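Next up: some structures, all given as structure tokens.
The following pair of complexes shares a single chain, chain A, combined with chain B in the former and chain C in the latter.
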Partner chain A sequence: MLDTAKTRWHPVAATYDLPFRHVFHAQLLGREFAVWRADDGYVNVWENRCLHRGVRLSIGINDGRELKCQYHGWRYSNRTAGCTYIPAHPADAPARTITNRTFAAVERYGLIWSAEEPQGEVPELPGLAEGELLTLRGIPVNAPADVVAARLEGYRFQPNGRTDGSDAKVSVEASNEFSVALRAVDGEASTLAVFFVQPVDSNRSVIRGVLDGKVEGAVRLAVLHHHNDLLSKLRDIAEHEAQAQPVPAPLEPVIDRVSPELAEMPEETKHGRKATIRVEVARKWQAADGIAGFELRPIKGLLPTFQPGAHIDVHLPNGLIRQYSITNGPGESDSYIIGVKLERDSKGGSTCLHETVRQGDVLAISEPRNNFPLRRDAMKTIFVAGGIGITPLLAMAQALSNQSLNFELHYFAQNEAQLAFPEKTACLGTSLKPHLGLSPEQTGARLREILSGYRSDAHLYLCGPGPMLEAARHVAAEAGWPETAVHFEYFKNTNVIDDSSSFEVALARSCVTLKVPAGRTILDVMREAGIDMPSSCEQGACGTCLATVIEGEPDHQDVYLNDAERKSGTKIMTCVSRAKSARLVLDL
Partner chain B sequence: MSIAALCSDRVLLNDWHVVADLANLSSATAFQTRLLGVDLTIRSHGRYDKQIIREDSGEVVNSTKRYGFLWACLGKPERDIVFVPEAEEGDRYLVTGGSIAVKVSGLRMVENFLDMGHFPFVHTGWLGEEPHTEVAPYKVELTAADELVATECQFYQPVASPTAREGFIVDYVYKVIRPYTVALYKSNPAQKGRLDVITLFVQPVDEENCVAHPFLTYLKEGIDEAGIRSFMQLIFAQDKPILENQVPRRLPLDPRAETPIRADAVAVLYRRWLRDKSVTYGAIPARM
Partner chain C sequence: MITLYDYELSGNCYKLRLLMGMLGVDWTTVPIDFYPGREHKSEWFLKINPLGQLPVIEDDGLVLRDAQAILVYLASKYDAVGTWYPRDNPALLGEIGQWLAFADGITGTASAARLHDALFYDFDVEAARAGAHRLFRILDEHLWFGEQEGRDWICSASHPTIADIACFPYIMLSEEGGVPRQDYPAIRRWCDRVKRIKGFTVMSGVFPAGPAKAA
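Our next item is the complex of A and B:
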């Protein structure tokens, strides 16, 4: 009887099955896998099925960082298998929870090992030294794995270098239901051969042989031929034997259902200002003059999937919470890289990161949130970054560059030494356009050049200091850019907040009415009443605590909404904005 | 579950299904096909007289000819073959688009026909092209005639039809008429006010196999029949390898089997409509 335990490690592919940017279709105990290696070397073993419509991901495209489904172009990130982009809705950030099922992957003996629910370690074999091995071609056999393994115990072969001979002594050194270790000795020559039998399905297997010792040239070829001939004969015998038995029913692995919230049309996810992830500062370096780079690695497990434009809250040792954009390109999912500028008038956030936080320190961060999503359906995308405003735009530019989409990244800074992350921007080629040492007037003139000639399928993304953003938005409006094509993110809200009003807020879905007195925010009052509302910067810049207004007139004090959104009166940032009317009804 | 499991859905057994394009039948040799898991042989007596016989029982099956196809009903016909009003209009070609066998449930085939989001990725350079990938909101409703209709569908297409010379935003209306029958109305490039119609009759061969029989009623202006047919075959040939890689092959009706997005509004309603009609053949029923 075939042992179908899901806890046992089995080989599912060989290292040579994963050439550059290939996706390999593997199968173990009836379950299909899409196996692919990203350009950073990481081997992904995923359920072979796009969560959207069930199309096999093994026919998808490995772009080195992400796997793209052939059917609707959904993109899934290296490592996490989280969906990073849904082309049918280019203006939305996909819900972070759309994540394909991943399986363990260990590369050993020239093979890729996996299991559904692995226990313990991949088999460790004394006598097989990594790097000094010859991995044989996988031999598929239409027979159950236990039948094949039993046959392999009687396998007779010649040691490496003596394949012409025929009288080697072969002994079984070890065996179990799925593997057999044999040693062939002929005079001085001795070779250890270990055969792992991969149970593909109830009646289908692959023999994966590994020989000790490195052989090259003609000898290697002779060894490969030798085993190929012998294993092909063994296959015929095993298949013959299997044909004499009744055919076992194919294994039917259960495909997990998606979570109930994914089964319905997507809604906004709810989360408070929580720091659920612990990261270690793996590296801290000077990313530019006055800018520190931080590489944040998870203490355990994987970091959540992020999209370009996303930011995280970093909870600092001094109790402050600050927002930083993730600068990573697509698929760079083993750590988050952020850039922090030392602010002259720092209230303690950037000073703490620059002066106190060191390599090796542990920080608490929130899950990434994306209130600055990137459309990828534009014929042309223009990014305008001022100083440290480069950080979200750098992630976006790398995403477009990876998909060979047309963009320009205009990067305004005082001098060359202030251009951050040169190792990342260097990959953008001529799409990167630095503008150095310009006065405010010169900057305005340059922006007018860049933004002239608006075309209907172009989009503009702005991030930088407040005055520069105001200027750029003004120039864009003059040049005919509609508000729907201009996307922006402020670092902070420099408006003076007037919190002197008092009013009533009715929450339509929660059926409660709350009084907001002068000096308190809507967000505060709601939290106090036990209503969980996500937030991040809490100063009206990041867009996390957005709510829909059903009735009443908002008093906008944020810098997140654009003018059209403000005028429509249907949205409000609950952390700073208030009501001009006596009563505000929110869709919460 | 055996592939050749027989159908017990009355709504399908008592309906008419296309089993062959008449142009593919020879009077000299019998034609073998399968409908709802039942093997059928089509024999010709002379040039026009066709007879369909069940292989299992040897019985003669109800059959008739319409729109250039041979139709069969395994049970007792409860309603007439789907009426295509455009087929009555004299300035249209009536073209059968070639019968394309696809190793997937016919319900998956219908759902693919209702889907705009795949155009840039599967029909690259013809029905869509990156980066024009957005599926704008559209309306879906269940009509009084118990048909599903999706209106105000718009999509940018580089070569929307055999005569299109440049890319433009095409207006679509989709209508699901029966579980295995779906129609598409799209703006004609020459006469903007009128619509070209493709009605897709899907033959449920068994639960995991189907044959797509497209029936095209296109305005004749500036186009020929061969052009229409080869365009249709190009498009279906692009769909076939994708559909044959859908896992599982049957259409899951459990809302938690797959992940819908707003662009899938019509597919979500289609699955619900099938559930409400208790259509199980070619589907994986929802868990209760």
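Our next item is the complex of A and C:
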């Protein structure tokens, strides 16, 4: 019986088991689940083990958006169960492969239904109408499900409103191995009771009963007590019966192990700029003067886990590919929200999004990539946003705010009407500091105020137009901020790329040597030779096509690496940078 | 100042640290080497508590033993608002007394199982575990119906009482004695609520809760 049980839906919890900010500990056929409701109402049913050390997630913290493991603080997102932060690696973005196993969840009849390998739909019961029923207290029983189900066929109870009587006629309306439907009739009064037996393990079950009809107040309590008392008696008898039988061996669910390599290593590289996800523009609105907001919902399935600072490539109807940061707060995983500024010198990207793309349109996007990871171990975090540079920093600020961590978000714009996503920034309270209508000189002076008095354990994140970033980096350096504490993201690389050099690139791990002639990029030449390499902006700004240099002198032309990284000569952006030496050896 | 004869891993001592933390009173600690030193059975300690048990407090020359008795004393003396042990509400005092006795029953079962598993005491561990499950079933049912009636705490009050504090530690530590709480979802939810009481502190084996959802 239990072999086919895997494919059927079973209740694993009741709605009342999932108050906000709680993690329920469920079990079905020997497999444990951590079940939790996010603040947006979504019910998550996950394998009850943290990928890190196998610690139970049911003792973790549900912060309304993410589940945090108690031991080492790994955080997992609502819906996707993807890891968004690993405290032991504060500077790194966790690989997307670090994702807990999730299971189906359907809420019906005041119960949460799940299945290991569900086939078909959650049972529809003719006599039970959603909203017009009463879910009884679940009764755990130390006995096998079939013993309990057999006992339930003989269950005798009074219909609602007649619980003080004792002579109702009870008939079995339907029954199978895991459920029994009974009707009690006493004069005019009639109540349908459906009992589902949740097979917890080979020798453990939970009786989950649902009654038709809505009852309130004292009658409701009387009905709940009536069944609780009767079911407790039934439980005692079933347990007695089970004790007389040999104890069956506990079920051993197969736990899919994530290999340590997969859980620690960066994601596997993919060819080219893939747009594997189809999304619908669920909403398009004016997020500020000159800025359009887009809410992108998946056509089917779930969107991949994103982390604060991550961006996606959006493939536009006109063939262009543009990068946009995800502005969502933690756990807001049902759609991605991006902000697009109409650029005066648009080459067609922002114009297309502003003018052509409409609500209901379908777009292709890439999976999110995070080359601008946020540390969450700083004593203090300062965000400096210029204009549309708010987008990645908004996601970051919401993440820190959710964890009650200390930060300031300085938002420079020309005027109030240009401050984007006011509904999101409003939730940041006094940590949001707008600076409006400042001239470049005034901006410089304000930055000197903000960045003065560097103290260790502080981190700075900058995003905005090139000249402002240059100025802010300069001010930070003067104020004593070490480069390791200053993180930045440029929208674009305005350097004029000099691609006149020609050189040789040896790929150490692939054992090939390629010639890069003038006019072509390392990335191009590698792709042509069939070498996998992810890329995104392809102009040296986003950091996706980074490679490690083993030998040779890079000719940096990007705006992604900081000065220390450039000087070290160990990293290169393969989309724009080249070689000063005749030969480069890359760790690819 | 209050002096607490304390052992960090003792749930009974933790009851007092919890309440004193929530009441915001200061105390000093005399650490007792319970394990492996068995200092609670030493001659000097038996003079303070002939039962040879922790916890004991000393306050203004008064020496008191028994966690529940001490909770009554501390709440009566130091709770300015008077909600933890409301002296003017006989029915509620009766309920509190009933659940304080229940808490000692949890010590006799769940804690005994833990001492067996963690500190290698020689008890009938199966009997101790069965006893703990029997009590947990009763409490879970009580708390579930409480939720249905809009009551968050063990006793019939809109606020926690010392009964909640007395029951909490050995429930929270029960897994260390091989008594899982999976079958007691209403107890698990109540544990979250206790952890969210202002001034709540942890001990080894007890984790904090995250913040509740803002209303």
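Heads up, the rule we're going with is that the second predicted complex is superposed on the first by the 571 of 588 C-alpha atoms of A that agree within 3 Å, B and C clash if a C-alpha of one lies under 4 Å from a C-alpha of the other, contacts with A are read in each partner's own complex, and residues count from 1 in each chain.
FYI, a contact is a pair of C-beta atoms (placed from the backbone, for glycine too) under 8 Å apart; a residue touches a chain by one contact, two chains touch by 3 or more.
On a predicted model such as this, the values are computed, not experimentally measured, just so you know.
Chemist: Considering only the touch criterion stated at the top, classify A:87 as touching first (chain B), second (chain C), both, or neither.
Modeler: In the superposition, A:87 contacts chain B only.
Chemist: Kindly classify A:39 by the partners it touches after superposition: chain B alone (first), chain C alone (second), both, or neither?
Modeler: In the superposed model, A:39 contacts chain C only, not chain B.
Chemist: A:19 in the overlay: touching chain B, chain C, both, or neither? Say first, second, both or neither.
Modeler: The second partner, chain C, only.
Chemist: For A:302, using the defined touch cut-off, is the partner it touches chain B, chain C, both, or neither? Pick first, second, both or neither.
Modeler: After superposition on chain A, A:302 lies in contact with neither partner.
Chemist: Which holds for A:275: it touches chain B only (first), chain C only (second), both, or neither?
Modeler: neither
Chemist: Between chain B (first) and chain C (second), which, if any, makes contact with A:228: first, second, both or neither?
Modeler: Once the two structures are laid over each other on A, A:228 reaches chain C alone.
Chemist: Who contacts more of chain A, chain B or chain C?
Modeler: After superposing on chain A, more of chain A is contacted by B.
Chemist: For A:59 in the superposed arrangement: first (chain B), second (chain C), both or neither?
Modeler: both
Chemist: On the A-aligned overlay, A:137 touches which partner chain: chain B = first, chain C = second, or both, or neither?
Modeler: A:137 sits against chain C, while chain B stays out of touch.
Chemist: With both complexes overlaid on chain A, does A:70 touch chain B (first), chain C (second), both or neither?
Modeler: A:70: touches chain B and chain C.
Chemist: Find the residues of chain A that appear in the contact set with chain B and again in the contact set with chain C.
Modeler: The overlap between the chain B and chain C interfaces on chain A comprises residues 59, 70.
Chemist: Using the touch definition up top, name the residues of chain B that touch chain A in the complex.
Modeler: Answer in residue numbers: 111, 116-118, 120-122, 130-135, 241-242, 245-248, 252, 254-263, 265, 268.
Chemist: Provide the residue numbers of chain C that touch chain A in the complex, in ascending order.
Modeler: Answer in residue numbers: 141, 144-145, 147-149, 181-183, 185, 188-189, 192, 207-213.
Chemist: Using the touch rule from the top, collect the residues of chain A that touch chain C in their complex.
Modeler: Listed in rising order, the residues are 13, 16-17, 19-22, 24-25, 27, 39, 59, 61-64, 68, 70, 137-138, 140, 220-221, 224-225, 228, 232, 404.
Chemist: Within the complex, which stretch of chain A touches chain B?
Modeler: My answer: residues 32, 48-49, 51-56, 59, 69-73, 86-91, 98, 255, 257-260, 262-266, 376-379, 405.
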